[in-house]
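The first chain written gets the first letter, and so on, giving A, B, C, D, E and F; residue counts start at 1 in each chain.
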Amino acid sequence: MKILLANPNTSQAVTDRIAAVARAAASPGTTIQAVTAAVGAPYIATRAEAVIGARAVLELFAEHADGADAAVVAAFGDPGLGAARELLSIPVVGMAEAAMLTACMLGRRFAIITFSPTLGPWYQEIVDYNGLTSRCSGVHCLDEAFADVVHVAEEKSAQLAALCTRAVAAGAEVCILGGAPLAGLAFGIAQRVAVPLVDGVAAAVRQAETLAALRPRRPVAGSFRRPDAKAMTGLSAPLARLFGGTG
Amino acid sequence: MKILLANPNTSQAVTDRIAAVARAAASPGTTIQAVTAAVGAPYIATRAEAVIGARAVLELFAEHADGADAAVVAAFGDPGLGAARELLSIPVVGMAEAAMLTACMLGRRFAIITFSPTLGPWYQEIVDYNGLTSRCSGVHCLDEAFADVVHVAEEKSAQLAALCTRAVAAGAEVCILGGAPLAGLAFGIAQRVAVPLVDGVAAAVRQAETLAALRPRRPVAGSFRRPDAKAMTGLSAPLARLFGGTG
Amino acid sequence: MKILLANPNTSQAVTDRIAAVARAAASPGTTIQAVTAAVGAPYIATRAEAVIGARAVLELFAEHADGADAAVVAAFGDPGLGAARELLSIPVVGMAEAAMLTACMLGRRFAIITFSPTLGPWYQEIVDYNGLTSRCSGVHCLDEAFADVVHVAEEKSAQLAALCTRAVAAGAEVCILGGAPLAGLAFGIAQRVAVPLVDGVAAAVRQAETLAALRPRRPVAGSFRRPDAKAMTGLSAPLARLFGGTG
Amino acid sequence: MKILLANPNTSQAVTDRIAAVARAAASPGTTIQAVTAAVGAPYIATRAEAVIGARAVLELFAEHADGADAAVVAAFGDPGLGAARELLSIPVVGMAEAAMLTACMLGRRFAIITFSPTLGPWYQEIVDYNGLTSRCSGVHCLDEAFADVVHVAEEKSAQLAALCTRAVAAGAEVCILGGAPLAGLAFGIAQRVAVPLVDGVAAAVRQAETLAALRPRRPVAGSFRRPDAKAMTGLSAPLARLFGGTG
Amino acid sequence: MKILLANPNTSQAVTDRIAAVARAAASPGTTIQAVTAAVGAPYIATRAEAVIGARAVLELFAEHADGADAAVVAAFGDPGLGAARELLSIPVVGMAEAAMLTACMLGRRFAIITFSPTLGPWYQEIVDYNGLTSRCSGVHCLDEAFADVVHVAEEKSAQLAALCTRAVAAGAEVCILGGAPLAGLAFGIAQRVAVPLVDGVAAAVRQAETLAALRPRRPVAGSFRRPDAKAMTGLSAPLARLFGGTG
Amino acid sequence: MKILLANPNTSQAVTDRIAAVARAAASPGTTIQAVTAAVGAPYIATRAEAVIGARAVLELFAEHADGADAAVVAAFGDPGLGAARELLSIPVVGMAEAAMLTACMLGRRFAIITFSPTLGPWYQEIVDYNGLTSRCSGVHCLDEAFADVVHVAEEKSAQLAALCTRAVAAGAEVCILGGAPLAGLAFGIAQRVAVPLVDGVAAAVRQAETLAALRPRRPVAGSFRRPDAKAMTGLSAPLARLFGGTG
């Protein structure tokens, strides 16, 4: 099985980090292809950057989805997820979505832990958008300067573990480490936190495998069927093909 | 006062329609500038097209917002609204948002009436995203072929009025005519429906004026403050400037 | 355009304050008529006082609505708003309603800031009644003795600005200054708070203008159509006429 | 024990009906005093009439509550209930409130059945206001002309039983017969409907007895403590005394 | 009238405590029979123990319900309540359910106060399951070691009263003392807390009387009708009879 | 990897059916052990039967969980799931839970389709309990007599496919075939329905594998940590050991 991970951020170092965690989490025999956005922010943290990232995700899928069995939007806010689900003929999952749904099988209420207060409201929106507000005990953000987003997981691992512990005291039964730069951290600090931790990349890869294995048919009705072909203007050739129906 | 309307659709005819309704609805002394997306679908009806439209909205605002007092995202699903609210120094409203909030002052429960079943789930998402689910009695979609989206309002006015009447029987106390191509129809069929009708363009223009008149300060905290400047890659020059902080 | 503001409180000084803010906020050419309840409490702060105030509002509208283009219930809990909307042939808005709906266009989550803990539960009820619970980050009440309700805005302006700042730290993206005695304060402290502030009177006047400008038809179906004429007992002559259908 | 029932409607015939059902439902040794509003509508069916009824309820309690052990607001929309709860030193229950909470012990989802479509939106508001939306399967209204509101229960008993049966098919596990004029009907048609029926008057009387028997202390904190005495203007002598703290 | 209380815990001392409070709360002429689970935990505090307790409740009802007019599940999480409601021909109420619904008539928002943090999430689940989330201001748990669950009410009465006071400061308008071992405490500390307190046993007994007095018919439709007789395996003789339809 | 499926029903034929689907859905190298309840109903359809089934599930896990890597509660209402999650040291998933969470990655709104109206309210409760009410477009039940629950999937496949199609027309973007006797049907009728179908057994097996692969730590805090050992009375030896902490 081949799974395509599209990193909507422009940082290759984040992609490398994600790819390594994805490979470690995947089933034997699963191949991971991880690609990086050519357009946008090195690390998406706002609605404006997510708008750019959402379109970048579609470009990446348009160029690379051929031959993949499932695809992952590899940024925690899931930019472009619904759009990709309409356009692609393979299953698509988002990192936040996969992490939250997986967490729901490990406890009644999950917390999301992340490394910057900027991300808080955006992550709360993704919780609400998924209809999981009642399952979320809170979004907890570290509020400390850090040297480099690519290595923030290692730099702040102790503080992030402590933040998980505070989330548990506030009612969390599971903690999700949110944000692509924290990929892998859940495994590193698992024994320092009293409840299960969920890694977004690992959850997304396993859920992508699950969907591919279940072979759901592609919808031909409802709001996730392929959009009707239209006269789209100004798209790149691959994206135009994807909208045109050969994706 | 000058209000900028950005049509995320590529159809100039729809822009012309919107602009005419906007001018009729605006206060004396208000100038309307209506601009059209250069990239995307002639008429946005899916999440995938909205992803393209959201970025197109930012491009339009990047090019044209100078000198405007307020801005309007002139498509009913409000693509790019939150992003624009972060980036622009002037108030921004969305057509769906303005229509729904205005409707809330005319009754307890509003219905949204539109001309194609494709739009139903997308409009329901925008209701839910705005936290107004409990105020919405339903999204009602005409399910008939039509000749041309630009003139669907005239072609189907009788059927759309009848659909409003069915919505009233199902509990609506106000009806919103949703979708830019229906701009102006609310005024045309007002006497054929037993409850108040809301026109999205007229509501958006008036709400944009209201926000501009109230002179709210631009936030420097919270999730709608301007995003920190980052090394953005691959944007057009105007969009790069907008992200860079001169918007 | 003429807008009628009915103050359900018996305090003429509060009415004068509201009227001044209303005139400053209104469009050129709009006339403000502000009237004061003859019956009830100098300042409504409980459900019991609101019951008296709701009827007082109807009396005021019965006497003064002739010739007005729109009407405002000028107390933050909106006593009598739904009833007035049934009875009057012109649009009616409430101060709390208008402030909250306006705030929804400036951020995802608004806080309500007020000057007495007594008002907290009542304001929370009005948030819930409007179906806006998910849009409200909290109702924050100053808990300090004050000399005089009419001048509490000036006496406590620093403390109220500080309370806004605490609300922002707790997630508010917009702050509403709630309670008629705080009318005007939002403009005075705007630069001391990091997010936009909403003044209830200014919002209500502008929204009343908006509704009047949109010329919604009066409903003849649904729960806001005029109540059927009945044999009402014991009403004042103007109120009897209003119930009788000449309002 | 003595229970005071205040009928916010001006119809003595409705009061007589309520009183008879209340006496049949009360425990041995309980005395029922039923009083009728002097001001307002013969039968409250709108928000505007409820505003008048809410104040009328307070007048009735001001005049008659001395010596009572508990009080009932005997109209289905519970006008003035929260206000009375603040002002009186004895427990107060509303007919709708008591019926709904009682129904919650007989099934997961209750329906409300009533005799006129006018009452539907108002009853839905009372469901929502009580936070019981998720427990209510629907509000079902007969839509037929009737000769006389006082005898509508007998005139339409077959149709109302049939409407209950339709509500059961739509998911109701309990049916509430809503509206004071239907008092007693639940007992008459119990064997014609496949699920338990709840009579609002009987439920309210029993719940009033329950609260009185539990002897809850009167709150001196929170939003239901007695309002601070204020300089109230224009009230009747009994109402002024009630607001003044001798209620 | 005879009311059967089934204690799903195996502690006879807790049953004795419950029975004494029940007798004090019951109407004159009501007989209380209190029975104790033969199987399970001395004090249920987890979902696993509740599974055992739920079946134990059905065993108790199977053996003892003959001749009772109503039944009470006398543990705060209401284990087995829905099942008993299906199987028994008499009304059944749960202690948590009765306490919460009674509290709803004494204030808008109730808190639940209990003696161990273990109980918090389970009690929150029962609030949510009853659809009363919006009526609950919080579940507050004492977090101190105690000598003996049977006498924790007396040992920690001062601390529990203080916890109630903190709940009031956090918005509670009524406090429920949750957990069978706290039976009776509400009466003992009533004057130390500024809002009404609700005792679960007293509320349940009175509500059981209320339901019995109202004589609701047994449903023959909907999800609380008696389950169809099936070939049940491995049940005790009384339980088999109860499932077989002689309950 | 070894996965244990506990069928809370006493029907061996249903267990065989589940086991076959589970084996077909599992990854290469996964072993399935399927066990059948010794006590209870042949097919659980009510709350009362679920109480018996929940305890039977714990008995099955107590006897058979040794050596398993994950466990599945193999009945659609997930009886005993939370309890098992507390007691077992391996991950546990429920069939309904797994199906619903999987469906959330295939569309915004799922429907549940089942073969008997009796199951409707119970399935709706499980949707609500999981906090997924807003993601569910409806629970749709066939209402036709069938010959034998074990073969109802084959007997009614055409009718169930037609019911899926009706659910799609009513807004479902994914359909879950609910109820263990329908195991496997989703694969058989996939091409007859226009949206993806989810099979509960297949989803549960894959989700159990996913959880096992992610190696979440066992919680030692929060409500899913192992219950403290207590003096449990009247349990079977294996169940006593499981409660005693050797599970």
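Note that in this section a residue touches a chain if its C-beta (ideal position, glycine included) is under 8 Å from a C-beta of that chain, and two chains touch if they have at least 3 such contacts.
Predicted, not measured: the structure shown is a model, and the values here were computed from it.
**Student:** Among all the other chains, which ones are in touch with both chain C and chain F?
**Tutor:** Shared contacts of chain C and chain F: A, B, D, E.
**Student:** Starting from the defined contact criterion, work out which chains touch chain A and chain F both, please.
**Tutor:** Neighbours common to chain A and chain F are B, E.
**Student:** By CA centroid distance, what chain is farthest from chain E?
**Tutor:** B
**Student:** Would you kindly say which chain has the C-alpha centre located farthest from the C-alpha centre of chain D?
**Tutor:** A
**Student:** So chain D and chain F are the same sequence; what rotation in degrees superposes their CA atoms, nearest 5?
**Tutor:** That pair's rotation angle lands at 120 degrees.
**Student:** Same or different, please, for the chain D to chain E contact, judged on whether over half of the interface numbers appear on both copies.
**Tutor:** Comparing the two copies, chain D and chain E contact each other through largely the same residue numbers, since over half are shared.
**Student:** Distance-wise, how many Å sit between the C-alpha centres of chain E and chain F, to the nearest whole number?
**Tutor:** About 29 Å separates the centre of chain E from that of chain F.
**Student:** Just curious, how far off is chain E from chain A if you go by their C-alpha centres, in Å?
**Tutor:** 44
**Student:** Taking the mean of the C-alpha atoms as each chain's centre, how many Å separate chain A from chain D?
**Tutor:** Averaging C-alpha atoms per chain gives centres 52 Å apart.
**Student:** Which parts of chain E, given as residue numbers and ranges, touch two or more other chains?
**Tutor:** Residues 82, 108, 121, 134, 171, 173, 222-223.
**Student:** Classify the inter-chain contact topology: is it line, ring, star, complete, or other?
**Tutor:** Shape of the chain contacts: other, as it matches none of the listed patterns.
**Student:** Report the complete set of touching chain pairs.
**Tutor:** All touching pairs, sorted by chain label, are A-B, A-C, A-E, A-F, B-C, B-D, B-F, C-D, C-E, D-E, D-F, E-F.
**Student:** For the complex, give me every residue of chain B touching chain D.
**Tutor:** 108, 134, 171, 173
**Student:** Please output the residues of chain D touching chain B within their complex, sorted ascending.
**Tutor:** Going by the criterion above, the answer is residues 121, 125, 128, 133.
**Student:** Which positions of chain C touch chain D when the two form their complex?
**Tutor:** Of all residues in chain C, those touching chain D are 10, 38-43, 45-52, 54-55, 58, 80, 82-87, 118, 120-122, 129, 222-223, 227-228, 230-235, 243.
**Student:** What residues on chain C touch chain B, complex-wise?
**Tutor:** 25, 27, 82, 91, 93, 97-98, 101-102, 104-108, 130-132, 134-135, 168, 171-174, 190-191, 193-199, 202-203, 206-207, 209-211, 213-214, 216-225
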